[in-house]
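Listed below are the structures to be examined.
Shared between the two complexes below is chain A, which has chain B as its partner in the first and chain C in the second.
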Partner chain A sequence: MTVIETPTRITTPSVVDGVGASATRPDGVPKVDGSFIYSSDEYHDGSLWGVTLRSPHPRARILAIDTSQAEGIDGVRCVLTHRDVPGSKTYGMKVYDEPVLAFDEVRYQGEPVAVVAASHPEIARRACELIVVDYEELVPNTDPEMSLTGRVDGLFGGGLARHVRIRHGDVGAARALADVVVEGRYEMGTQDPAFLGPESGLAVPLGDGGVELYVSCQNLHLDQQQVADCLGLPLDKVRLVLSGVGGAFGGKEDLNVHIHACMLALRTGRPVRMVYSREESFFGHVHRHPAIADIELGATRDGRLLFTKVRLVLDGGAYTSTSQVVIANGCYFAAGAYDVANVEIDGFATYTNNPPCGAMRGFGAVQSCYAIESAMDRLAAALEMHPLELRMRNAIGEGDMLPTGQPVDGPAPVQEILAYLRDLPLPAGVDHGTADMRARPGGVGNVTRGEGIRRGVGYALGMKAIGFSGGMDDTCTARVTVWIRDGEPVAEVYCAGPELGQGVVTLEAQIARTELGVRTVELRDKDTDIAESGASSASRQSWMTAGAVAGACGLVRDEILARGARALGRPAGELTLDGPEIRDPAGHPLVPVAEVLGPEAVSHAFTYRHRPTEPVDDERGQGNAHVAFAYAAHRAVVDVDVELGLVKVVEMATAQDVGKAMNPAGVEGQIEGGTVQGLGLAVMEELQITDGRVRNPSFTDYLIPTMLDVPPMPMKIFEFPHPDSPYGLNGVGEPPNLSSTPAILNALRDATGLELPRAPVRPSDLITEPPDGRAEPE
Partner chain B sequence: MRVNVTVNGVAHSVDHVWALESLLDFLRERVGLRGTKNACEQGECGSCSVYVDGVLVCSCLVAAVQVEGRSVVTVEGLDSGGGMHPVQQAFLDAGAVQCGFCTPGMVVAAHCLLADNPDPDDLTVREELSGNLCRCTGYQKILDAVHLAAERTGAAP
Partner chain C sequence: MLRPSSWRGAMLLRSQYPDASPICGGTDLMVDINFGRARPATLLDLTSVEDIDSWELIDDGRTVRIGAGMSYTRIIDELSGLCPALAQAARTIGSPQIRNRGTVAGNLATASPAGDSHPVLLACWAQVEAESVRGLRLIDIDDFFVGPKRSALEPDELIRAVRVPAATGPQQFAKVGPRNAMVIATVSFALNLDTATPRVGTGIGSAGPTPLRARAAEQMLQDSLDDRWDAPGSVDEDVGRQFGALVAEAASPIDDVRGSAEYRRHALAVLGRRCLSWALQDLGEGEVAA
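Take a look at the complex of A and B:
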């Protein structure tokens, strides 16, 4: 294996904590000492508290709303309903269909109906209890299969949000040639983003009739547009400032407190804080679409894939959010990271009265990767071939054609990724008779000494697009300013790309250090006063922000050198910028930057665009839709107690190509975090929904992995530079979330011999043997 | 009612505390120390971890009136010199912080763990910190940070 060195545009090799270094976070000190301000910490003198009243019913007609009792409580400043929404009554990321406050009908349990501002949150909550909403309950539509008919009364589009068709080659002809055909249905439950920092914000009314909103979100400008539309205000009267974001994972792409807090602030003329409780948070953001996938694979006897046929249904719940792009993304990669010539994919996103779903990390590709990777193991079993061997025989490579007709360009080192997992030694077996109980299934429950424990090993491979696909004109703007302070150049970077925890602020500072050689970089607060940066989603923000910041740095550097050239009477092309000095080609200092700039600042903005893409066509789903692709794979090792259905994930090994590890520690952190979210989806995390009602909206009942649930994660990071990205980097955040879940499912199948057609796997799914001395249950 | 409490070495006397007000809300809204975070209100996530008279607690599960006459230490008070405690520095250096919302509670819990056990093995760290949820990091770098802090403080023989 050769790891190719990345070509970079580093002009100052002496730079410390530049691109490629594991530089520490610029927000790290306040985050460890407790002084970092999250949106739930925002405070303003004289502020009121806003609280939301939500529908208890998944579907009901609203006959009347009486707020008079609530308004009469001491300390309540106002109670607002849909009648008080000044502008558009609805909002949404793609389609304005979600009511700011429900009118006529509620379509999911937890839909906002009214908001209250009061002097204390407890007073506001009690006021909410006194709002009388006269509901006529209706039978909720909760079966996505019914919605596929497109004829369900009471649902948008009769229940069908989008049908994506992809047709490539001739599946019928290929089926006739196949030696082995396998079919399977794979289901996935609803995952919650479960970020720790709840939805929250502070709205401050301004004297000119406008409003300023400090909020945690994933896209300041898209949010600004929706807020302004619903407030009936021009954009320049609505200013958004990014507050500290306590994680998002796609769950903060859609609006939460935004419009409500602004309405209350504008109505009362007072600043208003809103903070969701954990229970409310489960109703206040979108979830990962639950999925049903039917897959048929055909292959030759020697394991060459001949065709892939997929039917994928994702239930988007009550409102559109991003369902159209989630189903598209699911379909684009439903055939996996494999070279297969004949493909039929039909993907459907549905509406129901279930909780709304949106673009959680990996959006759609997580569901389809789980399905295809499960099917690949079934095919391997039918062929009596090692699952890794089957994957290596069919792995996609550079130049191969995707089912959408786009040739794979850029590095596609899937063989290298799989070879790492093949060659990595397996972890030692555990002697459960003597091992620490914490290393066994059931842990400190101490429920086994090794009896009934079986080990399994599973593999999975994932692929997805990086950045926005399908012809979107996607831009990111940054401004970089350099001035002299105490004789030293200081750079300020200003870019609206939201920092969710992923570390884009660290990259901004690293890039400025690399490009300008400066030691001191200051990051300006992120707000809507600068042009847009797009969303921190689709694993795009590092790529886009890096392009914008590096571009702006380049313009600043060129101007400083041009000024130096004038002062020195030498061509600018002979000069280099190295922090405080302008140097000649041999590296000798010629003139201090301080002398060239004097008291003036040099400031430039740059707008970065990735290469253009195009939409796929409606009939056959063909088109060059994608900017770039990223690949990762996992090998999971599990121990299963087949008597009690308990699982211990022993190890999660992974390999991923990241193009260029801009910040290696940050890249590792993304891969580890994504792997563990996939682990949660494999064995523990499911929002349990019955008849449209969420039964476990708490961290007591919705379990995310703890430190004790997480195994060691050996990892190989490949750096095959991407040809047309800044520094050769590639998106990193989502790929580890794809293959983690099916690797564990495949390991559980390997351990138990069960089909396990549903994720997450529940203990009852895993029990293969009755306890000693007891009859098999009938 | 009135609550008299020492927080990070400073005496506070606060009137009009609600009977059912949590220590977490009291610290955040009355004392103005917002480093302690609220993420679940049920003692499941550990984001609100503080010391009460040297005992690690979830402050969301303690009523404010219960700390009458006691001493509370929060993330803001871990280093008596007002700087960074070695545990905090280790979290920063190990890359154990992403969104950081769990970090204050995690740091307090790790501080408590190392005070009791200066050189814990991996499984002990995992068990002792299993009451502190993190959604971003996958915990590996938090594990690294605890070991780094243990190594630096040199408390281990």
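Take a look at the complex of A and C:
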């Protein structure tokens, strides 16, 4: 496969539903009318059901496992434990440390210990209950501060997964010059991705000893590698097909049912379905790392930041997953989107016996954005300066140096983003005497008619790298084929980049329409028969897929025009392709594509690469690690009932630079969704974990925002074209998730005058008044 | 699955299949089944039983008799005037889908301390019609909740209806949860100023092993109102504070994932005070409905 220049031009801008149009999603109607096939719907004649037995303990030694009773039940086809894992006993995205099925020890509550295949899921569940596991319970290590010592018995690395150091300038010298110094500690609880489509899939054994797996995931090829290693099979005997993904947010980057379903299918010779229940799902995927951040900021009297010092601890739980990369990303952006010359950042990722944490939308930068943006408001208060003014004075711009020593390139329109929020009128106050109760804190609960309500306004700014950082050579391949059907050219796009709901399949078709002028585009199933696309993560898939699909379209177009040139006896450079016709420079049709191609198809693959990056060094964390940067900011307006601690988020205004809105409706959806996920993290979403045990693994008690919690979201989408990317686009999915949470926290601080050192806030954190209402102003 | 079409048939099946689980809206039972907490071998489906999905006035129009199959949505639509606090509680329950299916009878049989109809039924001195092949009995709501998720229903009994006295004065229901809709109560409170008797009724949810009545608060308010039921404007603000404090004292909450005991007491004191102030205002304006 060839590598050519990045395509950035739009060939036929007039095309219907091409790049830049709010084209309808191909999966939209089926998802609404129920005909869409999610991975939990996958079915095959004669399939068995697989069920997982999980550890009830956060830490225990496994003394013995007796499966004989379970095997004796009618309808049970097999019961497998670690002894039955054919290949590598462990897997992982970065390090193979997570057992396929636990051996010797379990390290977190919910760790898989055995799997059962049976003719009915209920039989499999009952069989699981009859597996006798003899555990010797051990005291779990659950305090990340202890793990920092690196000397905790029973944890990998003694508890320390990675220490990232970033040193830039001279913090000591800058401190001596600072007029104002503020310090603070900011904590964040554990957020769950809470996708609605649970982990699920179907494994089908093949006659040649191989296996085919239909599954919902974020990276088919990385999954294929791990599955093959653990099954002890060569890669070409393990074929993965992307099934319908009901949301992921990072939580489906790690394997879930994959190896288990394949083991059961290969052992029984029958197709095997697995679907986690809602409760099991909370144990079946990684969470967002809980965080503790200590931040010290120093500034001059007039609000120029002189130094930033950060200590960030992210608890990764029992296994590595992506912890070392999450902490790195958290550290890269721990000083925020500000131009500050002197920076010291120490980031630690720990192991404990808490549930494993890994990728989740924002990838470490959510935690650090929350912390630095909270600290910026504290600094603004100390300087008696408007928080937006302080941000505008220090906002990073093109050419400024990041703490990692990389100069900011590409558009950095932070001033424009903040100015939008500054100039947008504030929403009107609510007359609580007459307003609908849904407009008040507490909503339909009918708890106030205006008593105790205070309004607050808060701002936050976020910045993050787009794409894989730190020297990863990261590719995406697409194949585009054009042939003639009923006299018209039809294009097929084939690319493995997973569709998680973000709309990458819509873009694939839009790009083919734009580049080839075709009306009909077919999208082939995503599987591992084509070369890799990398993960739908790091806000990178639209960028990478666009590069690959546009590149392949270009090769196809060139070949069609070359054939046309031959047929017409004119130089190819004079010809343009516009759907069914080849035209001359004046736009006159010369020959139908159907005539040029006849019964033949033209097919090309293209592999796209972004610009190279390099790792940062261990000592000072310096290096040009990033492909690109994206920026977003929020202004939150909240009403708080300070007697009951209940919140109504009144409005979330936001602005973001997206480079090019490839599909404006899709962009708006991402910004709204990211903002709401951040709102959840600000005021309700927390997996409550005590002594390594999850206390609320259900949607009854793990609360995510409902429609009535979602406020109006005025937004400004800036399109400053990115110089390095296809069509000038930039990543969109994660940035709105960064600044949403701290904007709300800052608004709550503004409303209550409280420090609020922890997110999400609970009602009891927000009470400023005694219950007898004596402090209530008339 | 047993699917009787008449109440008589339901009674017979109930006695023949004592292990069968009755199911009405299914919004509690199906959750238990999905989470593996209940695995009933047989279901007794009450949704096809005639004449239990509506309401009627009895006792010369003084009492509303609500059939076991009547959904929350219909309670909101049809009983906002006669049973304002019950309708308000119904508005806070679940989502539109849950309100279309869920019933007060199911709420009662589950007998969760967090059941949102319960504080209202306490505040209104409701009665539960429990019936078996042995006959019909009326259970006073004060005798109905006997422990956490335990009620006075006998194993062979079904709830046929709930009798709720029609409002004669202001009623309030307020519920606190960390989400603005579709949330299990962290704590809830109901208040009923019955001007006919006259007397004061209260109910507390999610703050003890069972739904509770705040007796001392009722008594205190009754004494304060005394002969001022017609001139509530003269009731001192201190009464509101005392009332809130007594409501909080009546609770015996615990710490759990939904909130701390301390927060629950605090919130009850606030809800008690606020509900009273709204009710007194309505009383002053001569309004019945909230």
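Note that the second predicted complex is superposed on the first by the 764 of 778 C-alpha atoms of A that agree within 3 Å, B and C clash if a C-alpha of one lies under 4 Å from a C-alpha of the other, contacts with A are read in each partner's own complex, and residues count from 1 in each chain.
By our rule, contacts are C-beta pairs under 8 Å (C-beta built on N, C-alpha and C of every residue); 3 or more make two chains touch, one makes a residue touch a chain.
No experiment lies behind these values; they were computed from the predicted model shown.
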| item | value |
| --- | --- |
| First, second, both or neither for A:Arg175, with chain B first and chain C second | neither |
| Which of chain B and chain C A:Val444 touches, first, second, both or neither | both |
| Chain A residues touched by each partner, larger count belonging to chain B or chain C | B |
| Chain B versus chain C as contact partner of A:Arg165, first or second or both or neither | neither |
| First, second, both or neither for A:Ile767, with chain B first and chain C second | second |
| Which superposed partner A:Thr706 touches (first chain B, second chain C, both, neither) | both |
| Touched partner set for A:Met684, first chain B, second chain C, both or neither | second |
| First (chain B), second (chain C), both or neither touched by A:Phe249 | first |
| Contacts of A:Glu668 with chain B and chain C, given as first, second, both or neither | first |
| Which superposed partner A:Ser698 touches (first chain B, second chain C, both, neither) | both |
| Contact residues common to both interfaces of chain A (with chain B and with chain C) | 277-278, 438, 444, 698, 700, 705-709 |
| Sites on chain A touched by chain C in the complex | 125, 277-279, 438, 441-449, 451-452, 643-646, 648, 683-684, 688, 695-696, 698, 700-701, 703, 705-709, 762-764, 767, 771-774 |
| Of chain A, residues touching chain B in the complex | 22, 24-25, 27-29, 31-38, 40-41, 43, 122, 193-198, 244-249, 275, 277-278, 436, 438-439, 444, 500-503, 665-666, 668-669, 671-677, 698-700, 704-710, 712-713 |
| Residues on chain B engaged by chain A in the complex (per definition of touch) | 18, 28, 33-42, 44-45, 47, 74-76, 84, 88-89, 91-95, 97-104, 107, 123, 125-127, 129-143 |
| Contact footprint of chain A on chain C as seen in their complex | 31, 34-36, 88, 91-92, 95, 172-184, 186, 188, 240-241, 244-245, 248, 257-260, 262-263, 265-267, 269-271, 273-274, 278 |
